[in-house]
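So, here come the structures, one by one.
Two complexes come next, and they have one chain in common, subunit A, joined by subunit B in the first and subunit C in the second.
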Partner chain A sequence: MNMVRSHILVCGGTGCTSSGSQKIIKSLEAELKANGLDNEVKVIQTGCHGLCALGPIMIVYPEGSFYSRVTPDDVKEIVSEHILKGRIVKRLLYQETVQEGQIKSLNDTEFYAKQMRIALRNCGVINPENIDEYIATNGYEALGRVLTTMKPQEVIDIIKASGLRGRGGAGFPTGLKWQFAANQPAGKKYVLCNADEGDPGAFMDRSVLEGDPHAVIEAMTIAAYAIGSEQGYIYVRAEYPIAVARLKIAIKQAKEYGLLGKNIFNTGFNFDLEIRLGAGAFVCGEETALMTSIEGHRGEPRHRPPFPAVKGLFGVPTILNNVETYANIAQIILKGPEWFSSIGTEKSKGTKVFALVGKIKNTGLVEIPMGTTLREIIEEIGGGVPNGKKFKAAQTGGPSGGCIPASLMDTPIDYDNLIAIGSMMGSGGLIVMDEDTCMVDIAKFFLNFTVDESCGKCTACRIGTRRLYEMLEKITSGNATMDDISKMEELCYYIKENSLCALGQTAPNPVLSTLRYFRDEYEAHVRDKKCPAGVCKSLLSYEILPDKCKGCSACSKVCPAGAISGELKKPFVIDKSKCLKCGACIEKCKFGAIVKK
Partner chain B sequence: MAKRKTEVPFNGTKEQEERLKAVIEEHKHVEGALMPVLQEAQEIYGYLPMEVQIMIAEGLGLSLSEVYGVVTFYGQFSLNPKGKYKVNVCLGTACYVKGSGEILERLQQTLGIEAGGITKDGKFSLDATRCVGACGLAPVMIVNDDVYGRIVPDDVPKILAKYA
Partner chain C sequence: MKSLEELKAIRERVQSSINIRNEGGADSTRVVVGMATCGIAAGARPVLAAFVDEVARRKLEHVMVTQTGCIGICRLEPVVEVYVPGQEKVTYVKMTADKVAKIVSDHIVNGKVVAEYTIGAAE
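Take a look at the complex of A and B:
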């Protein structure tokens, strides 16, 4: 291998790719070449670093300088100043890493200090398209140890002892699941990976697949050995093209190295892995629906029992685990179950990855030990709510979850606590909302999602969610009575009790949790015909404040309905009967003279 | 999502048909072949008109109703052709709380079509998508492969003008 004096890591995760990191890599390579540095400096494309809000991200080693929001124009300066002359380009450094003129390590910044990276340990560190880099960080060592020194039951015992629970939402103990499948008579069995990641606003699994695909492949192979399977499938969302491409490369490399396929590690053990693409149906994240989908049918869920461990894909014993669940396995084998179970709370061990998004300063991916409080995540790691607004609620658990109000911010996060406060862990989306978010509107947003995604097989879910949505619509349009609120609650419980799968059983949660903590907001919509957050259009009217209006006419020019009129230099007025409430005027007004009421 | 049968006449070429036949041949004996075949067929034709579904049903020995049932179940399969420029607005939660609903509204106004539709000249089609995983840039809209992040409704006409 060529000795180089400097490594430049450029993030190639979806967040940074969307903000242009491919162009950065191209211009960086060109610039290095132009300066004759291409043999001294190595450019590496990595997976997600977590701080997606600051993308495109570049880290220059050995100094560890963390450059954020890099543009192709900045690249020239970085090469000529930093690489050539050894002068760090302070202007582009992530401000948190600069303190009183000193540059501190990335790991000491608030964003990273409270994090603990197990599932994400290689994300942003290695080149995911190069198996050697994975192997250099102890990759495939766990598999080697399992295949050459352990019996299948020993592997299962380790996973059981670690206390690892499924990261896909429900939190089922992983070791127990493997045990059920292992107990089935020998024969054809399957190992599946759920990479469908349907929760809107969540991208943890995508980041693992993009940043460390071999971790999932290694863990699936270990699982296959434990339950006695020779064939696996990874079911990935088709919306994740980069993840799919990196997985394909990783599978190919693993096969070339004899780490996948026939006679792995010369032990006579065989395991093959195929990728199957989803096609945009949320319900296919549900385990039985996912299997029906791989079989080539409409992805409708099946009755359980029989459970997949007994009768799963193509009718044979099958285990299905989430991407993040798998990303923990090799580390548990290498470091021991005691190490893993020493992290976290009594019933939830290890760490959890969250996609921290919405009204938050540091949007991105964070991995925290279980038991960390919401306040620590939002205020310390996330840097709080931007623009001086007030935190209102955090939503977890996607369309099956709930909204957690400010008063519960000190709850330690684990599976059981979240359920107790009316939400759930889900796969790890954590959406922060501020005072400008209407809680009734958010409940409606999620119900709209479930109405769309209900597969239609059972009546309670198919029709119930639609009726529920219509009730919410009635409230947000100001046509509901107080009676409707209690009717709505009743319907929620009916849907929960009578739906076939967890999609329907959890669909009313967004409504129930907002009713529980923000009932006053519902009542304001119904009784006072007001939307306190100023979101629900039918309940709003736009007004121009005469004392702030300078009469510049910018608003009347932009109004698509011709609803604004007035004389130059005198306050303008809005004709409410013509106003479409599109908000174009508010965006245009430089003086903050237009308000929604 | 609009699942109506399209009024646009089918004009598949011989070459496309050859490619589809090769795909069917390759997958014929694989368990659960229908999904991968449909995905590749959509790659080849850009959408899945009835004519293509019939070829697939016959090729794989399935009933047309089975094929149609699968096509209409999954949001990613389209019975209608897409525009030259595919405009997608993310309506994932992160984008929604940051105002992507208003972006969609402005797009509908500007293009004069509803989500799921296509402009008369076939230039733009508009879809509301689920989380595309660029939540750090929310709200996000995508035109073919170009991603535009942190946008406000007023950016919409400027962005569309690039493709006019």
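Take a look at the complex of A and C:
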């Protein structure tokens, strides 16, 4: 008897996997079996739901109960109470869904209500390892329609009319890119997918691959038909093991169904797809470096023009799109370009996925229509800055982007607005910072990243970023002069102008944007030798307030340097010459008697 | 894959099993089976199974079969409540799997409450 009456969806995205969702799936299956329910309740592993801060996440259908922070110990209760007796385990429900005793739908919670899921539509909804579930949600319908009823040029015209722009960061119109490649004389051409997501804190592409790999495969096949290609590669970093495994499964299933391979939909169209693993070099996310890497060489960028659409992989016309860009394609075909272009702002259509991280309550993945303001993302969807701290800035675009100060929080987010305020869309990392973040330190953090990741081909980038880092180091250690700030600015422009690829051209952005909006912090480091946020160790000193100190000696016991001394029941003192500024004493003091200055 | 029809066939086959994940919305009929200890002891499980089967067999997309706890009339278990949008809920009592097909066809599909199975008839 086939009578599945309930589906239990457990998130198998990277966030929830790291918080233990695999264990939960195992104990859930065991518990269901023990209760003889394994034939009527189906456990499904899905991709990311976006609310990673509350993982592991479990949704029980048909009720749609959204359980958060589930532990293996909770599984027994969920099975015996909810599955067996139909009593929802209220204490595990996502708090936002419980209001005045009523259980709200997940889509009405603040985190989801303002979102609009196009690229992420299947993430957390279907089982990514089952092609049938993708097909059940209209999967491969777009490909079928394209192959059987449209000419390649019609496909390109639809993508052009939709206004879709590349989601990898630069925002080049996707349809135009396809047109350039299609215009090249017939012959060997390639379709590539850039899944070499490297920005610190970004995990949008990863989640799409983990939650909905077939969407990328379908879109790449459509692109291949549009430009006349028979071979594609997905370049994905080896550090994404779950994404790679699910992609492999998806490609295998698509081949078995004849959705990849020869004579797809009986139209004579052939397309084959392979995975190429990247070793994790940041520069390989740059399109020409990525192609060089696929060709088997060391990943270094090359000069453009010729652009890849003319002379790309192995010297033939190639299109390269980002994972999220592809995730939009099938929906545009099915729902029409007018639908897509009705979403968003004048020059930025559709939605954008952001990985919301840093000092924010709802860490996770959000997809919002272009034109949503930063304030809506952070205060409403993100739930605001935790612990009552004040919002200071948001960083978008990773090491290539910049910081947006609180005063610009009401800027509608789209490609052009972000560039105008000195940042960029980037691939979609959004790092939230509060008053305890030092902006000079943040710039230094990103520079440290680019120093490591510069491929070394261009002198301006290789040596320039290193020198820039050293200047920041000088500032945070309190040894810089005001002259150094202007020298640093000059060097920034020099690096930008003399680097071949986007890595070098954008590497100084974190410095330039923090200088633009937080110059006073730089000046405080240089002139007053103070770090206003209390982060830069060299500029800090720890002191014990004599009137608050009870002389309990807890601090002196925990101090690793033996820098604190005193007589019991009398105020203690810190010997500044010995103090390592580790902060252990502050954590230990029950009376709030130790302060950073 | 040779044709759109072939794709559609797969879609239709799988769709019915995935529909359970749509929260239905305001226009869906809810069949709620009491599945507390008393309900299960009185035989609610086969009743629930029969509803799931019958709804799937008839491909009723706007019907959601779910469960609830004890509603307090344990002596009349198994209890099933049917919520059709815009109408008063109907409570069926002393349910068995055999009664399910009639409730689905008469009440859920054709809108005629099966009076003889309701709580009013039992009291």
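Keep this in mind: the second predicted complex is superposed on the first by the 595 of 597 C-alpha atoms of A that agree within 3 Å, B and C clash if a C-alpha of one lies under 4 Å from a C-alpha of the other, contacts with A are read in each partner's own complex, and residues count from 1 in each chain.
Basically, a contact is a pair of C-beta atoms (placed from the backbone, for glycine too) under 8 Å apart; a residue touches a chain by one contact, two chains touch by 3 or more.
Keep in mind that this is a model prediction, so the values were computed, not measured.
Q: Where does A:203 make contact in the superposed view: on subunit B (first), on subunit C (second), on both, or on neither?
A: In the superposition, A:203 contacts subunit B only.
Q: Tell me which touches more residues of subunit A here: subunit C or subunit B.
A: It is B that touches the greater number of subunit A residues.
Q: Which stretch or stretches of subunit B touch subunit A in the complex?
A: Within the complex, subunit B contacts subunit A at residues 1, 31-36, 38-39, 66, 69-70, 73-77, 91-98, 102, 105-106, 109, 129-138, 140, 147, 149, 152-154.
Q: What residues on subunit A touch subunit B, complex-wise?
A: 14-15, 18-19, 52-53, 55, 198-203, 206, 238-240, 276-282, 293-299, 314, 355, 357-359, 363-364, 395, 398, 429, 431, 433, 437, 442, 445-446, 452, 455, 560, 582-584, 587-588
Q: Under the definition above, what is the set of subunit A residues touching subunit C in their complex?
A: Contacts found on subunit A: 1-7, 9, 40, 61-64, 84-87, 105, 107, 125-126, 132-133, 135-138, 140-141, 144-145, 148, 257-259, 264-266.
Q: So in the complex, which bits of subunit C are touching subunit A?
A: Residues in contact with subunit A: 1-4, 7, 10-11, 13-15, 17-18, 20-21, 23-24, 33-37, 40, 48-49, 52-53, 56, 64-69.
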